[in-house]
Amino acid sequence: MIIEGKKRLWQEYQKEIADDRYFYVRSCVRQNFFPASEKVFLRILKEELGKDVYENAAHTTCSGIGYHSDVVPFETAMTVIARQFSLMTESGYEHFVTSCITSFGLYSEVLETWKHFPDVLQKVRGYLKEATGRTFELPKNVAHASDVIFRFRNEIASRGTHRLVNHLTGKPLRVVEHIGCHYSKMFPSKGVGGAEYPYVLVGMIEDWGGEVIDYPERRHCCGFGFRQYIVRANRGYSIANSKKKFESMKPYQPDFILTNCPGCPMFFDRWQYALSEMEGVTYGQNGEGIPVLTYEELSGLILGYDPWDLGLQVHQVPVEPLLDKLGIPYDPETKFAGKDGQDLGRPDAPTHMKFF
Amino acid sequence: MISFNLFVLPFSFGLIYLLYMIIRWWTKWIRALPPEDRARFRKGIFSRQFFSGLKEVFLESLVHRKMFRRNALLGFMHMSFALGWFLLILAGNIESRIYSTSHVNPPYYPIFLKFFIHDRTVLWFEINTVPGFFRFLMDFLLLFILSGLILAMIKRGRSRWFGMTRTTHSQLTDRVALVCLWLIFPVRLLAESFTDGYYGAGGGFATQHLGNLFAVLFRESSQHIAYALWWLYSLALGIFFVTLPFSRYWHIPTEVLLIFFRRFGIPPKRIASSFSQVEIGACSRCGVCIDVCQLGSAARIHDIQAVYFLRSVRDEQVSRDITLRCLVCGRCQETCPVGINIDLIRLIERYNFSGSHASDFTYLPEPAPRKAQVAYFAGCMTHLTPSIIRAMKGILQEAGIDYHFLDEEGSVCCGRPMMLSGKHEQAGELIRFNRELILQSGADTLVTSCPICFRVFREEYNLPVRILHHTQYLLELIKSGKVPLQTVFRKVAYHDPCDLGRGSNEYRAPRELLAKVAELVEVPEEKEDALCCGGSLGIYTISSRKRDLITSDALDKLTSSGPEVLVTACPLCKKTFSRLAGIEVLDVAEMVYGAIPE
Amino acid sequence: MTRTTVIIGGGVAGMTAASRLADLGEQVILLEREEQVGGHLRNWDRLFPNRRPGYEVLNYLTEELGSKVDIRCLQTVTTIFSGERDFQLQLASGKSLRCDALLLATGFDLFDARRKEEYGYAIYDNVITSAELEELFRSGAPITTRQGKVPKRVGFVHCVGSRDEKAGNLYCSKVCCVTGVKQAIEIKELFPEAEVFGFYMDLRMFDRHFEEMYYEAQQKWDINFLRGRVSECAENQDQSIVLKIEDTLTSRPLKMTVDLLVLLVGFVPSPETLRLAAMLDLPVGEDRFLEPADEHTKSTLTVKPGVFLAGAVKGPFSISNAIADAGTAALQIHAYLKTL
Amino acid sequence: MKEFGYTVHKERLIDYDRNDKRVLNHLKKHEPSVLTCIACGSCTATCSAGQLVDFNIRLVQTLLRRGEIEPLKKEVRKCMLCGKCILICPRGVNMRNLILAIQTAIDKLQ
């Protein structure tokens, strides 16, 4: 691998990311999948970095999940998005930040459409006006939340208590990074580092002391693929995609997988469990799985937040081996305790994957 | 008292071993016959067929009649050895009775008679006496054989005088046996001469004179020389007998059995059997099949000719590639003096190599043809030569025939190409389909444009209808006046397709048709000797370049007398020739169609 | 009075046109940007289709030039002033030239393979361009992977930067196919045990002996041609390249590993050509190559009297075609000068 | 092993590195004309069996080259060996021996 070659490409795909006053929209599903991630993002921005982040209680889904599942027409999706923008305009913000990769992709797609077809924008303004009486301005800047963390990665590192280094051996941790397909595959210029060698997570990993793994199936989809997952009969196709990636990354012995999409960490995490149950295979060392983190969770760990406050106990692939490597203390006793200290009960241990 | 000397042992041992091998193999082969054939064999021994078999053995194995027909010099060479030696043994036995003291003589006694008996009572020229006659006869026969030996030696260097361009490459056992065979008769002449000369009597006109000369030259030592020669003679015979079952000369006893198998009506089989083994053993490796093989003469492939193929089968060293490298044109079979079913043995070996893969023809549809009196089956290949189809349609329409074009929408292969690969069972599935198709058409006459189909229809389909190649059918139509013809003044050369000519014995119909519409010119090799066009489906392992060599060579010969058109009666031949021919290539049907007045 | 022709570009076309014009008695000044004339031909080890050494042709063209042409190397034209019937050229060296006719023979550039990001050129260790491979052949350096291993499997990707909307080039670069076949054979000559693959969409063996060479590549050298455009490459742990392609002949995706991947880079117009064309107000095609006055009948003329085109300024050209084209251009210039 | 109501989908991908090239190597030796196929498809277009069933004799050659033995086994069984393809092939590929030799090679492997 010629790293200068990648750096040269990264130079070509620089992206402007606003540095304050964000209008934040949530993902439909992430609070269920990885419940602390969005909360941690807001906490970091507000408490650690002192930024102005605003959430409007009236905001909704972007409808991307329906759009990509072929149940929501594009005009509807555009109108829903126009409403989100009107909320931003009404709240006095101009920098739009999405939690979800698919939303980010859809916002980009809609804005590009409006840019090339102004008559469509006019129509949508009409639809929104007719339906809700609202008007809106286009955002000055649209970023994915991982772009924002990327922008402040050095600030986070300098405030952080941990680095991506195995504290027992002193060696950098080996990290697989996985970018959601809708981040830059549709519009390479909208993603940090472009589509082929995206830099957004790589930048975090490198600047936090880790080592990035580039493995043959890196570009491949995690296996979510909306229609593939949503219909149960098609899940075999979804899991086959994930399996292909695990098999490809396994020889590199990654310490964990870092993701920036709602679906990817979900499927990397849950499918590892499912594969271990279906085929008896595990992809980490010593019968362990490969822990999967969102960038918010990782940022929290770097900043020294309690792993159980980050929601890491709801991961199906146990994260304890990673915490041990990072030298992050945790209390096994409180892993399954609720906020009030009450025991929530332990899940059944997987058959083949090592459980803690 | 029985005469004996140690030197008779090599001969005696060799003879016993040879007889053991003959009895062993004959028994094995006869026993391995299926019950119905064994019954035929038992019945045959006690029938007139036995005697006609003996006659054939005499004519073919001893006189070599077929060899004579091919080339007199070659025939004489073979006859002098076979018949000469046979008579020498016969006469020697009778002669030995004159001097016999017991009722049963050991077999070596007549062979080495001159060593044991030195009859001074009769002189060489007294041929009016019984012993004198035999002395004359024995010397005469020996010289007769030696004349053949001289010819055989000449043949080594001048095979063309014997009508052969190439001769068989021999194996080690063949060479050992050959050296022994060539030694036997000169050594016998010398041994007898030395002995007769030493004793001053006992010889015939040749041996006595030669002996007297030796006696003068070598004096007392001629006795020792004679003794050494008797040893050498016995050794040569003994070694010859021991190597015989492993050499080409094994054909001598095997051919005798083959002649009786045939006489007793035992049919050839499709899979390896006693019959095919006897046929393989009966190959004398005379090599006449080598020259006729176009793979050798035109494509410079020299290791697959029938003689080598049969040898490698006998030695169980045959390879798949060689087995599949044969045009199956039938030229070698046509010329084989032993009449071996070479093509059939080729297919048997292909069957053995065909492996475990079953075909999957479950896709064949239900046949549902229209009813008609005449069914026309163009064949796969004819679909690649649409001009033949157009001609046939035109002629049939002109003649007002109610016919159904069975494979107008495409053929299911007739099965012969599959049979040629040895997979006759799988060919059976294709045959069943087409047979049903033909039967359901209700036709009483089946006409095909493809000799390949024609042959397999006749040989394998067992159809209760008349099966005609289109040349035969067109001749019928024209003779019945249904199709008016005018002569087209063109010089044409006719090429006999393998499967129509040699394969189905139809040489007349296409020629008669052509004679009605054009001027036929001479071609050098025709009818039974016709060349293969090179496009044969019988061959699997050949490059297209080698095929082209065969085609070009055949074209050179077919067009040597300058025809304007080369006519054939097979779509495959037409397609093959058209690519490389400098002149127009047409099917007989096209010629006929072109001769119908406007 | 002497009539002067300035030829800009001392590649195959420029050299040939200069020789021809000199033969016709014209006074010629040949301007070359580099230190030596020869252009891209200098980078070739052996030429398709007969694999003769490239220097043979170069030497021939150089010897032909001899001393009859005024060759000026290391020259760049900064501005061109078009007069009534002549041209004034300002050179970067400060000198200026006057001429009656101007021949643009500025040729082409090779497509920058880095623009096909998904192939990982200049990122993965063992992805090289056909030009680099040719240079390896020419220098006689051992051909190994970057890790020093003898390659066991080598892949050639056809149409890199050509026939590709994503690369911005819709046109076919013509000579890459035959170059790929030539280089594949040369790899097999060096490493008979190696498996060599050509990944192609069509093999455009447009000129004489090309198809025969393709046949030879298959039949004699056992080179595999797999129909489909490589969609993406990745690097393995051992720095071999995994490539993904649709095997369009089985309609199934296919994945394979190669030790060395060669990108057959196509032609792109050189920025220098476009700069000169802008100064002369010459029409540029959609493919950004220069347009002649008439594609069929006036292929070396431009709409501007006195300005002529030869060779790869007009699109992809093979060496032999460029030589023929330059000869035509010389005749056209000669005829034009006579009318002055 | 738990049942989730679905199984891991089998890949359609041709994994060239893993595929078995032994049949191909046998053919390269015994029927080298296979090397010259240009996948023009004229053999398939004229094929007698191909008129009746989904049989693509051109694909036989392609599957062989890719080392896709299982589908290859099924394909070769459909051929009638009629030989039309040989007459059509512009590159002189000897299809009939190709079919037989593939069967021989597969037999040898098993």
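Order as written gives the chain letters A, B, C and D; numbering starts at 1 within each chain.
FYI, contacts are C-beta pairs under 8 Å (C-beta built on N, C-alpha and C of every residue); 3 or more make two chains touch, one makes a residue touch a chain.
Predicted, not measured: the structure shown is a model, and the values here were computed from it.
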item	value
Intersection of the contact lists for chain B and chain C	D
Chain pair with the most C-beta contacts	B-D
Chain whose Cα centroid lies at the greatest distance from that of chain B	A
Distance-to-centre winner among chains (Cα means, whole assembly as reference)	D
Whole-Å gap separating chain A and chain C, where each centre is the average of the chain's CA atoms	46
Distance between the centres, which are taken as Cα means, of chain B and chain A, whole angstrom	84
Interchain centroid distance [CA atoms averaged], chain C/chain D, Å	39
Contacts with 2+ other chains: residues of chain B	none
Touch relationships between chains, expressed as pairs	A-C, A-D, B-D, C-D
Residue ranges of chain C in contact with chain D within the complex	215, 218-219, 222, 224-225, 227, 247, 249-250, 252-257
Residue ranges of chain C touching chain A (in the complex, touch as defined)	114, 117-118, 120-125, 232, 234-237, 239, 242
Residue ranges of chain B touching chain D (in the complex, touch as defined)	320-321, 324, 353-361, 363-365, 380-381, 383-384, 409-413, 417-418, 420-421, 423, 430, 535, 537, 540-545, 572, 575-576
Of chain D, residues touching chain C in the complex	12-17, 28, 32, 35-39, 58-59, 62-63, 65-66, 68, 91
Residue ranges of chain D touching chain B (in the complex, touch as defined)	30-33, 46, 48-49, 51-53, 55, 73-74, 76-84, 87-88, 92, 94, 96-97, 100, 103-104, 106-107
